[in-house]
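Below, subunit A partners subunit B and then partners subunit C, in two separate complexes.
For the complex of A and B:
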């Protein structure tokens, strides 16, 4: 999955599930859209769905400091990379 | 302890007979019932003997952004809407609303049963971890017992105290009473008070299994419940919400607020015994305590808004207690005859309707009261609309668990 594909998916989820429309990549989502910890938990469920993988508690906790769209994309990119490596090792 | 006067500066209700003053007054004047057929829930509603329900059967134009909607079950939609309306009506300064001297007393009988049902469906049906994750991060916030009060607090940035009574049918009357006491004793300068309940089949099932629900009018929903009438056969469960804004009198007067009525007294006690059966001594004592707290005589009361759910024994005991304390002078109306029993909301809805009648100068009759049960005949029932001024009213509510309340309000002249 490319970064562009991840961004497209995240933007679609933000709009569909959180009514966040066209956020600037580095804007603080909490300050600009009231995107809080409850939303973060729900976003993680969406990420699990579109990656088709379950996140560990440790992975989820890492997401709690995320504030911007770019950080979300970085996080998903990191997860996708880890899952790919795990699959290759297996 | 210094005591301050407390006034009502705004009132609103979402009820089976309308939303807000104009449609509700029209329904009262025209004798229009809000009881309809029980809603199909595709779960247990088909097993329920009572096929009637006090239904909010009209659309409500909510305008809540997702930021607020995400923690709200249906009950909080009702609660936040009536809270918004009383805030708008009262016109309190924005810095006062958020400044800590405005509090909230608001409740429901058990949060949001719709959300709870979805949680338990997952609980009992979960076969794997993915299903388990269907329990959302916000499901508790949507369904918890104080969900109405805290969603109001969040939506309007209110930072004062939160009181969230959950005493079944006295939830809202306690909200107003405890809010009144908070302002009276200087703990807050204003309180948004009320109650709400959403459609819930389980509540109907509980009363149905207790043989307390009306069943004889299943084919004519608009003719039941029938408080104090010989043909009454039980209560009708209903949905809705009601809210009032209470303010300290001098604060309200100085800012030029419209004062709808004054809260002059409140009493609450418990029967200390059976949790279901109405208790003549307990209720009688509550009504006497209400008069005592308001420092008025029984002869000062013009109108009694009876709890009167239309159960056989409940109505008889209430009529006896009302007769003992107030005699035959005050007119007595059973407002549940129009819409059924709105549960946690009823104390607030009935207070709002009483205020509307005070403002408009009429007393609505108890709907369907065609032949008074002789065991309830010791009080002055209203059977036809009467265009007379109401100065002082007693609003009575009683709940499962043996909780009794009496709220006294007076129109300022």
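For the complex of A and C:
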């Protein structure tokens, strides 16, 4: 999964679920769009759906400090990479 | 007429005083005589506290019932039997949360943060596994801890009850619903049960701080609908919140037009 694919998917989720249209990559979503903790939980569930895997508690906690689109993409990229490594090991 | 009203107020005042004295003393006995001496030996502190609160409030409402001959409590069996459920209720009176605690041996809820800052009482609330509603507690990694804790309690047969209006409704109107509980339900892969409460505001009127023990009415709790995990998964949380709120509004409207005076 490339960074571009992740970004495309995240942008689609932000638009569909939170009506956040075309956010700047480094804009603080909480300040600019009122993205709250409930939205963060929803986003987590969408990420789980997108990756097709359940996140661990530690991974979920890490996500709760995310503020920008770029950070979301980094986070999903890190998860995808981690999952891929795990699959290869297995 | 004046004398009748006067005596009614005096009776209500005396019975209210007696009930609150029992209420407070019951908690003090539970906490300081039973709970604290056994604290170090307890394995599941939250479960013990929840069951103690439940038994204490069960007796409290049995007393309320006994002292209010004209007041009938009608809680449907399907509400009594709810387990491992997220329950969404309308909010009419301060009695609503304690009435729900009296129904379920294992229960948790989201409590206003101010209660957690009350010395000793706040500590007990935390130990009982109740969740503070403050933004600092419901933001960041702490929120995941609370959600996982709720998940664990649901798996153990407990219920989470929430008043999504956030505050007591006024004049039979349902205030806009907070989306939080629907998001919690999705996170926990659990459905939402909707329970309509009626007439608790007549038994304990907002602003009066007095029980109306002489009134004639029925306090009821009825399961009016539910949202399954799949329904929650396939709709946005705003849509789920709107759907639940519409159902409450419709049921309240039906009760009013039904002319049973119970809305």
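FYI, the second predicted complex is superposed on the first by the 90 of 90 C-alpha atoms of A that agree within 3 Å, B and C clash if a C-alpha of one lies under 4 Å from a C-alpha of the other, contacts with A are read in each partner's own complex, and residues count from 1 in each chain.
We take it that a contact is a pair of C-beta atoms (placed from the backbone, for glycine too) under 8 Å apart; a residue touches a chain by one contact, two chains touch by 3 or more.
Remember, predicted model here, so these are calculated numbers, not experimental data.
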Across subunit A, the partner (subunit B or subunit C) reaching more residues is C
So, does A:5 touch the first partner subunit B, the second partner subunit C, both, or neither? neither
Just subunit B (first), just subunit C (second), both, or neither: which does A:60 touch? second
Does the superposition put A:38 against subunit B (first), subunit C (second), both, or neither? both
Which holds for A:24: it touches subunit B only (first), subunit C only (second), both, or neither? neither
Which subunit A residues lie in the overlap of the subunit B contact set and the subunit C contact set? 38, 41-42, 45
Under the definition above, what is the set of subunit A residues touching subunit B in their complex? 18-19, 33-34, 38-39, 41-42, 45, 48, 54
Can you list the subunit B residues touching subunit A in their complex? 65-67, 70-71, 129, 133, 136-138, 141
Would you mind writing out the residues of subunit A in touch with subunit C in their complex? 17, 36-38, 40-42, 44-45, 57, 60-62, 64-65
In their shared complex, subunit A is touched by residues of subunit C numbered 135, 138-141, 143-145, 147-148, 179-180, 183-184, 186-187, 236-237
